[in-house]
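As written, the chains take the letters A, B and C, and residue 1 is the first residue of each chain.
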């Protein structure tokens, strides 16, 4: 049997090398020096503590949405509406913060309520996609996509309308909150240890939820065969709704973190594509929670590392997305080739 | 608003719908064969950028359009290989490609951003364009808009009236039955996925060389078009005529959004631009709700006449996908 | 056309599905191929019709060796196959189905094709509207369409795979008349079946397959006992009947009416008592499946009342029924009953009452080992259900049933299983009737099975439901007439 662990690992390594080769070709296409580009990404992400703390800042929302997506994937659902759920989380969080910022409540309580509001907002938006799916028969991919656009529009309307800065509304977002309402940061960085802690607790909870509980097992049954799961006595649509809502809670949490710990205000592109990126991470780890954290960290590093590319090499920072996409694509294809041609 | 401006607006709607039309027809053909090409959003961006780059470098519109089709075909070849040969989830592959191609287009298009290149000119048809109203509306467009009218008819005639078209329906519906009738199912699926991909790819240059000429990177306003086209395909129930109706409806709504903007000054333009989306969700709800289990249960509890009437309405609206959409075929 | 098979061998892994088959079928004959499920009938026919290639051996048509590369190639050689579930396109029109697969110009001439279709149909007294949609036709009509299509394509040998399953009696008679007429015209008919009476009535030669081997051929008059012995290798006895001791009412149906897209069931009243077995007989799609689903709460009746042990459950969901001790086992085990990808252990955990939040792995494994042993399942606690054989999947489904139960509903409980598994399944089911007083309602296409295990029988014909018949007083012949729509006046008199 060639179907052993080392062989699988070899196939995946080959896929990674192919992906890197693909990106090298792309770089050569725009006449850029590939080695310098890779080196810059590396320096830009782990070259200094400041850079690495930026990686961790980006790691927090990515890991949170990945955790949520693992729950919906377990239920066999493609929660593409995750972007909108992050946005709604951010909107609800901002709304709570704006409501309470001038009150006499202690800042810690305001922050907690803000985060809770964000989780609630994400859950609502996810539940909407879930309801469209379970009650309306609308495939979650299309319902989710539509809701993403609506969420973006709602966000922009708020920033340019009711919540606009005094004077002139702008793409820079709403008025920043008072410093005392920010999640505390580690000195000399913009990283909040609280946010990082919450994200790590999130993935651990997800891991145990899916691996060891009745809930996780039932969710898997629903995902693999809804009809049989129903006959086995599992309330299937309720489980689907719960998995949507749970994912929404994670997404909303990510949105709330962006508001309270990173931007300290609502900005137009608050979801920053973390939702779609989370889908990629989940695919790359083959929907298993165990590897989610390291891969999310790596993807976050690519994101941050590519930020300085435009300045240093006059390259667009979307190189990170190209690299990430190529990685997932080649790993998926390599796995397909292995299953199709090698195992026989 | 004068009748004149309305006419110009509507003519603009027809032109604006042209790229979406190509994309929707391409996707319809691909899905008829049983393959979901979810990469559409990225494909359109990449082919818009690529065709603009080629047209810019060669100063040839024709080569630009050709490049657009080729890029679409190439991306769909990956979709076909992954889903037909490797039998990987079509949704997963398509989604990754949608993101990868989008980022690729931004990355590769960076150097040519904002440049001015060749642009497709309108080509009024002599004689026909002088017909009052209709002439302005239909016969004073550019070549690709005429082509978009033609592609609707071509696709419809091909799928429903020709022999290979019937087989196309067959391989998406029940590949085993197509196989015993002599169809090389997987080869045909490759073929139609690639043809569909090329049509999707043409949507790109129609934007970058005509409707929204040029390449402006992330602010091109093209991100999202592919997802819309995907929804229209479903709304269209895999029938080119119904899909065309959906595409025009969408273009009209977007135009109304623009027209109404001066009337509703408090609402930013981005918001009105997304007005069609809640509507899209609603229509998807209408065409799908008949498939929901609870509806059946509720119906059973209703008095006979109501039950019959509601069931009839639901059946009329329902769109049933090809039975083997997304299902790989193994000939043995 | 004379069809000749020489030394055909075919292996599937360790299974020798065709083992040195030699068979010569003269032109104009109706050749019966008998054998129970898994005897190798399909493999042989698939080899002849180009679906699979034999590992070795030769096929000769009219004395000439041929290589049949695909099903389409088979029809080019004049060999057409009619599949049990006709391979057609349900959402498309009859005429489009007819045209598809025939070569010709870009635009098919529908009008000429329709004319030729009608001419052919008239010959055999078929009446199908070429503009109708296939999904509104009965299975019998879809078969007729396929036969016409294959003739149109020039078939000179016709293979029919279990064609009498799922069609009505008049349609069966029409089919047989058609086949006899075709044979008289020199067509070679190969009739694959496991139904003795059909083969006996129709065929003028029979070959029997068992475990991949051709165990014998026979010409009329057929010795039925001998055929049975050849099919099963031994004379099978089903064992004695169990006497019925009717208990209290479990499920009570009062003036129930049901509706689905195709048919309506009106005003059924039935009282199911503890410990009894009720068999539902009828052609596939006559309403029995919908009826069984209504008993499970999966389909909501449009009128009438349902109660379980006196409690009204009308309009409630399946889960309410389940809590009251109703279990439903669907026909498609792997598609609807089990969860592919999950192990046996995980299935047992899912089916049990839960305690707490976290799963106790050791306890779960012990439970699985215990059940696997009790139910004699060939598998381990970590085996995924899709790796089990059909018989073992059905055993697993039985092992998943909770205790006690008041009503077990089964759709084709032994379809596709060998005799040994069948008898085992029924012994387990009967045990539950005797021990916990569960009642059983089951659907089967096998009338012998219906009569063998039921106490009472309900016959379905296009939505019509008979009053309960005493299984001891009904014969297989009578039942056969009823499911074909004949003799209904007598039982309702």
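FYI, a residue touches a chain if its C-beta (ideal position, glycine included) is under 8 Å from a C-beta of that chain, and two chains touch if they have at least 3 such contacts.
What you are looking at is a predicted structure, and each value in this text was computed from that prediction instead of being measured.
Undergrad: Provide the labels of all chains in contact with subunit B and in contact with subunit C.
TA: Common contact partners of subunit B and subunit C, which must touch each of the two, are A.
Undergrad: Specify the chain with the shortest distance from its C-alpha centroid to the centroid of every protein C-alpha atom present.
TA: Of all chains shown, the one whose C-alpha centroid lies nearest the global centroid is B.
Undergrad: Tell me which has more C-beta contacts between its two chains, A-B or A-C.
TA: Most contacts of the two pairs: A-B.
Undergrad: Taking the mean of the C-alpha atoms as each chain's centre, how many Å separate subunit B from subunit C?
TA: For subunit B versus subunit C, the centre distance works out to 43 Å.
Undergrad: Whole-Å distance, subunit A centre to subunit B centre, using C-alpha means?
TA: Roughly 28 Å, centre to centre.
Undergrad: Measure off the straight-line distance from the CA centroid of subunit A to the CA centroid of subunit C, and report it in whole Å.
TA: 49
Undergrad: Under the stated contact criterion, what part of subunit B meets subunit C in this complex?
TA: 161-164, 166-167, 169-170, 173-174, 176-183, 296-297, 300-301, 304, 307, 320, 323, 332
Undergrad: Which of the residues in subunit A end up touching subunit C in this complex?
TA: Subunit A residues touching subunit C: 212-215, 217-218, 220-221, 224-225, 227-235.
Undergrad: What part of subunit C is in contact with subunit B in the complex they form?
TA: Touching subunit B from subunit C are residues 51-52, 70-72, 75, 81, 87-92, 96, 99-101, 104-108, 259, 299-302, 315, 317.
Undergrad: Show me the residue ranges of subunit B that touch subunit A in the complex, using the header's touch definition.
TA: Interface residues on subunit B, with respect to subunit A: 38, 78, 81-82, 85-88, 91-93, 95-97, 99-100, 102-104, 106-108, 110-111, 217, 224, 227, 230-231, 234, 266-268, 270-271, 273-274, 277-278, 280-281, 284-285, 288-292, 294.
Undergrad: Show me the residue ranges of subunit A that touch subunit B in the complex, using the header's touch definition.
TA: Residues in contact with subunit B: 26, 29-30, 78, 80, 132, 134-139, 141-143, 145-147, 149-150, 152-153, 156-157, 160-161, 276, 279-280, 283, 315-316, 318-322, 324-326, 328-329, 332-333, 335-337, 339-340.
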